[in-house]
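I've put the structures underneath this note.
Here chain A shows up in two complexes: once beside chain B, once beside chain C.
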Partner chain A sequence: MTRAVTRRRDWDVPENKQPVIETRGLRKVFRDFWRRPTVEAVKGLDLTVNDGEIFGLLGPNGSGKSTTIKMLLGLLRPTAGVIRVLGAAPDDTRAKARIGYLPEVSHLHPFLTPRETLMYYASLFGLPRAQATQRTRELLAMVDLEHAADRVVSGFSKGMARRVGLAQALVNAPALLILDEPTSGLDPIGCREVKDLVCALAKNGVTVLMTSHLLADVEDVCDRVAILDHGVLRAEGKIAELLRQPDAVRFEVEGLDESDAAAVRAELETRTGRRVRQEYPSMSLESYFLQVVARDGRQRSFAMAPFLHSPSASPHSQPSAPISNS
Partner chain B sequence: MFPHDGQSGAWCLALKQVRAIARATLVEAIQQPVAFLIMLSAVMTTLLVPVFQFHRFGEDGRLARDSGLSCMLVYGLVLAAGTAGRTVSGEIARGTAAAALGKPVQRVTFLLAKALGVLAVTVLFAIGVLSATLLAERGSAHFIAHGESAGYVTDVITLALAVAGVAVALIIAAARHYFGRRRFGVSAFVGVALSQVLVVLGTGFYNRLGQFYPLHGEAACTGCGTDHAHAASWVLYHPELNLRVVPAALLVLFALAVFAALATALATRLPTGSTLAVCAGVLLLGLAGDTLLTGAPLWSGRGLAAGLLPDLQNFWLCDALAHGGRVAWRYVGEAALYALTCCTFFLGAGCLAFRERDLG
Partner chain C sequence: MATGTQNGIGIAASARRIVGVAVLAVRAALRTKTVAALLALLAVCVLALPGVVKGDGTPEGELHILLTYTLGFAFGILCLATLWAACTLFAAEIDNARIHLSAVKPVRAIEFWIGKWLALLALNAGVLLAVYAGVYAQVCWRIHRDGWEAIEQPASRHVARPLLPTPREEARATLAALRARGEVPQGYSERTILRVLEEKANEKYNEIPPGGQQSWRFSLPRPLRAGEAITARLRFETEYHTRTQVSGICRLGCVETARAVEVPLDDFTMKEIEFDVDARAFGQIPADGLRTFELSFMHTGDARHAAGLLLRFRKDVALLIPGGSFWMNLLRAAFVHWSVLALLAAFGLTLSVCFSLPVAAFVATVLLVLTMVSNSVVQVVSEEDAQKWSNRAGMLVSRAVHGVTRRALQAEPLTALTHGERLDADLLCTSLGWNVLLVPLLLAAAGCVVLRRRELADTE
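Here is the complex of A and B:
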């Protein structure tokens, strides 16, 4: 069965990696103007994200995902608990210099063009002008916004603004990428490109923490997930382990005609004494959509090559080609 | 990749960040239509006062001078407080502050850069209005004894050039926007200020009667208010401007800098409307401080208010210019130190308030 186009684990995640993000007993209580508590958004969260993995933070609206991310970045002060990000406190600027952050809403200065936006963020990292110019050019090419590079972003669609947001998150070639709803506002092609990009970056040693409401996206790319609900960690683990149904087995056979399928089914029922369900798997709507637009010649892929040389990439990491369409 | 390790590297990075954030703040602020309208209103009000002058207040040009400096203070206060409110509390609300502080930017660096950006807007505004004030004072009716004739003369040419300068600046800004897709607000705001500076420089080529130089000796001067060392010589360039206004305008600029710092600090916790209201209150109390608060015991409500509120009378020396009076440069220096102290106090308080601010 063809599920999503992008599959996360075409390569191995090294075991025993160092933790990049650690929280212990993390709490956040929001207060009103008079300092009275209004809501406890995060309740004693213990979380560990290891080096090189793609970690998904899931949960319904108001579950504390974005609050957790903002505490990791030092934008919100935790009420209690300990946070270590890249071995430092969340407001340590040396650690932040190695983090890329895409907020839930792209939060762009409406009066700046994409080129000016990227130059602005590059200057916040202290990149020399020549290097910032070069990186800006590469990033604009990557997110396919060269044609709109000198238009102010206030007139952009949500998807275009999202692309600028994604580019600014990569301006420092981060070792840790934090993506809050990265595919929000993107069309299926854009979603696919973002997932490809995330996988390609992880393949080269970048740790990724992402949240998404689109569970299929998370399932496609993440190694491990944590599920938050009302600020409490309800489940955590590898996707394969969490989703495994130990009391069921599925076989997939290609090219089996109707009569052979019926015979196999009857044989299995005879042997096991259990009811056997027979299905004809279909591709996902996303895959079908991408096939259709690929026929139309519109499908493209982020030109990621310049961004695969991240500072955190191990010496033996090989620059990879964009993941092929399957 | 990041050449900013170590103490000096951290300072270097902080300076780069300050420059980038302050520049973005300046561009954002002056491209707002309201900023341009404030600049346009202040300049046009200043320039048109001499046209509708029906009383001399005992001195040629006094009404134009006082009006110009008043415009600078009041419009400048609205501009500084509004810009600070929009750029700090607005960015916190929109999330762009969080996006910047998600990068390796210290909160103190961010706030100081914002204050510098607001100050830069205020300085540009002050340059424009000061130039307009100089032109308005020169253009207003002056008693001139020239040759065998004497009477009140309004320098219509200067006033017309100043107004035309504003119009040309707007046309150029529109053309830049249409043909080059440049930001109209930025071009217009800077253009209006620049046009007034250019007209100020241009007034040196003719006298109040509209006679172009070179002229000989006293024939060239129609009342510049200075001694006539050039009486026996040919005059090629002689701007008949009351430059005594400049130190008084500098004092007003210092007051605006104090308001920029105060508004930036307030905007870390208050929305723009509240910031404007508090600044207006401080303006009123600060101007009345001499009367209301002087002599109060230190540990009383009035005494504490006297200590905490900036004494704005220190910055308002318009009356000192009456009848040829001057503001001593030494006093300007002392006022600068006082303004710096106020700015440091307000920004320090702002940094403390911003340090624990949740950015969501």
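Here is the complex of A and C:
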């Protein structure tokens, strides 16, 4: 399939990567029954998500993240502005065939089993039955739900339902994965697994757009982020660049005893004429938790479904930047 | 990465999506116990109702209860269930945001619509077959238990009506006569006058007074063959106390063989008289059978005491010949009912695309009631009665609803079953074409336009 993303000449495409999602001047005004405007959720948003990127959309509640995602998916119509997703309008079925979506609330049919749920969504992608069955089996194994594959979803915990939701988002081996709060409802192990999976997918050429209230999650996996507030784009860029403090330098030395540390500190203060802060770094609570659970032999990780491994079929699978923090 | 794109196009992929949507809707119905509750209600209706409603003790009365009351009641329940279920299918999914996961998949609006509609058709087919099978089993059991004679058993017969001018032709002739006499009503358009005259022609009662005689010619829908019997039927509305002295002679003659049979009739206690004549009574039957007959009735009652016999010639006089088995006719009736349910399902689905569940259910119910009463309003209320603006508005709405729904509801399968009349192929074709193809197609188009334009998410 030929690449269909259209590029406007004046658009800035960083690092020669082609944009997968583009919005220009995107606005959304909600109206009441009498067509009177009630709230302007998104105000002139210009956003570009490039091929193979993991892009984080951040913002407080009511900042317009979900509204933006729903417009990207064609669930809402923009009041003004242009949206191109995989080179097409959001309601184009050819583009939809290459998108995977996990909403903030999974919205699964409670009377279906995970197997039936995945078969249903596979049928919506027009997959032949044999292929759908194979993918369903692989995805159930991937999200570790084989043991509950034939139990109805209504009896599932939030975490299990989330896993089913994640599996359905991958049933078409998407080129673009849109995840709205993907770690919501998951325990720390589940969160780690999802983050690992997102990184692995990106390495295989999948573009990921995710939102999360857990900033640590975003920091862990995203290449670039955009921060929305009251519908306005407040900041956008690579995480490393956004978080960098140019007027400060940090050294980390292992095995330095107390007296040597004091000597180094004194030397630095003498040379720079500035006050030097000395810290003993600790691991994050998440790392400690995972370490403890690993000792109990409970830690595991999502094994990617085989059909998600082949990078050849993705039209966006040019080599992407290595994910440094996976 | 093998994206779904390659598989997402083409007729096969489209069919898989439609089947997927349909299977989901069927599973929803079966697993949420909706169908179980409906089946329980219908089982009570089919099994208990004939025991509760008392007949007149005759096999004909028993059959009437089974076919008209039981099937009619069950069909009414199914109509409401179908309409409300259809109203739920889209509206509930949109209201609880479950459609978000489906709508972002490469599914066209028409595929969604057809999938859900097919699910309702499949469920209705299953439930209707179960109901009809239950009624058929009861009929068979009663025949066995009560030992009904062959003539009392339900039948399926082709019906031939008298060869008369159509109501439209008669209306035109009447209008021409009124014009010639200068008696055309003033203040009404010609179209309105013609419509009223046509309705009157269709429902007009003709009187055969004592000493009077009336003849009708018939062309059978298929030839009468040797070994078969032909049945003549007269149905009349003359009140009981005025018809006790009615008597007459029916003469049934075959035009091809120029032979006739005379049957004296003196028992007018029932409102319907039927008599059978064996084909051999008309003489030598040619190889291609007998097709053209003439029926005449001569009122031989005493002119001083007896009332005239009141008949609607187009509806109340008929010749009947064997036309297949009763159970096949029952199946045809089930098909007609299924086609009406298909129409209701389409209607409900389109409403559910346009409105939220409570609004869609309310609008659907109101329109259903309006459809049911519009027929009576149009027939009973005359132009003269509708002088006030409110009455005129009501009449206008009733006419519009009646005009739209008349063709969809013109088949009356239960009446035909009760009278042993075969539901002919043209009627089934009309039901199929109008109720299952044409109108649902228009409703689907409207529903898809709305579904494509409607926002499926809100501020939350």
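As a working rule, the second predicted complex is superposed on the first by the 291 of 326 C-alpha atoms of A that agree within 3 Å, B and C clash if a C-alpha of one lies under 4 Å from a C-alpha of the other, contacts with A are read in each partner's own complex, and residues count from 1 in each chain.
Convention: contacts are C-beta pairs under 8 Å (C-beta built on N, C-alpha and C of every residue); 3 or more make two chains touch, one makes a residue touch a chain.
These figures come from a predicted structure and were not determined experimentally.
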item	value
Clash or fit (per the criteria above) of chain B with chain C on chain A	clash
Which superposed partner A:His107 touches (first chain B, second chain C, both, neither)	both
Touching partner for A:Phe125 - first (chain B), second (chain C), both, neither	both
Contacts of A:Val232 with chain B and chain C, given as first, second, both or neither	neither
Touching partner for A:Val39 - first (chain B), second (chain C), both, neither	second
Partner chain(s) touched by A:Pro174 [first = chain B, second = chain C, both, neither]	second
Which of chain B and chain C A:Val206 touches, first, second, both or neither	second
Per-residue touch tally on chain A - higher for chain B or for chain C	C
Touching partner for A:Ala88 - first (chain B), second (chain C), both, neither	neither
Contacts of A:Asp150 with chain B and chain C, given as first, second, both or neither	first
Interface residues of chain A shared between complexes with chain B and chain C	30, 66-67, 70, 73-77, 93-94, 96-97, 99, 101, 103, 105, 107-109, 111-112, 120-121, 123-128, 152, 168, 172-173, 311
Parts of chain C lying in touch with chain A, wherever the complex brings them together	1-5, 7-10, 12-14, 16-17, 19-21, 23-24, 27-28, 31-32, 96-98, 100-108, 452, 455-460
Touching residues (chain side chain A, partner chain B) in the complex	30, 66-67, 70, 73-77, 93-94, 96-97, 99, 101, 103, 105, 107-109, 111-112, 120-121, 123-128, 150, 152, 168, 172-173, 311
Complex interface listing, chain A residues touching chain C	1, 30, 39, 41, 66-67, 70, 73-77, 91, 93-94, 96-99, 101, 103, 105-109, 111-112, 116, 119-121, 123-129, 131, 152, 168, 171-175, 204-206, 307-308, 310-314, 317
For the chain B and chain A complex, residues of the former touching the latter	1-4, 10, 12-13, 16-17, 19-21, 24, 27-28, 31, 94-96, 98-106, 181, 183, 356, 358-360
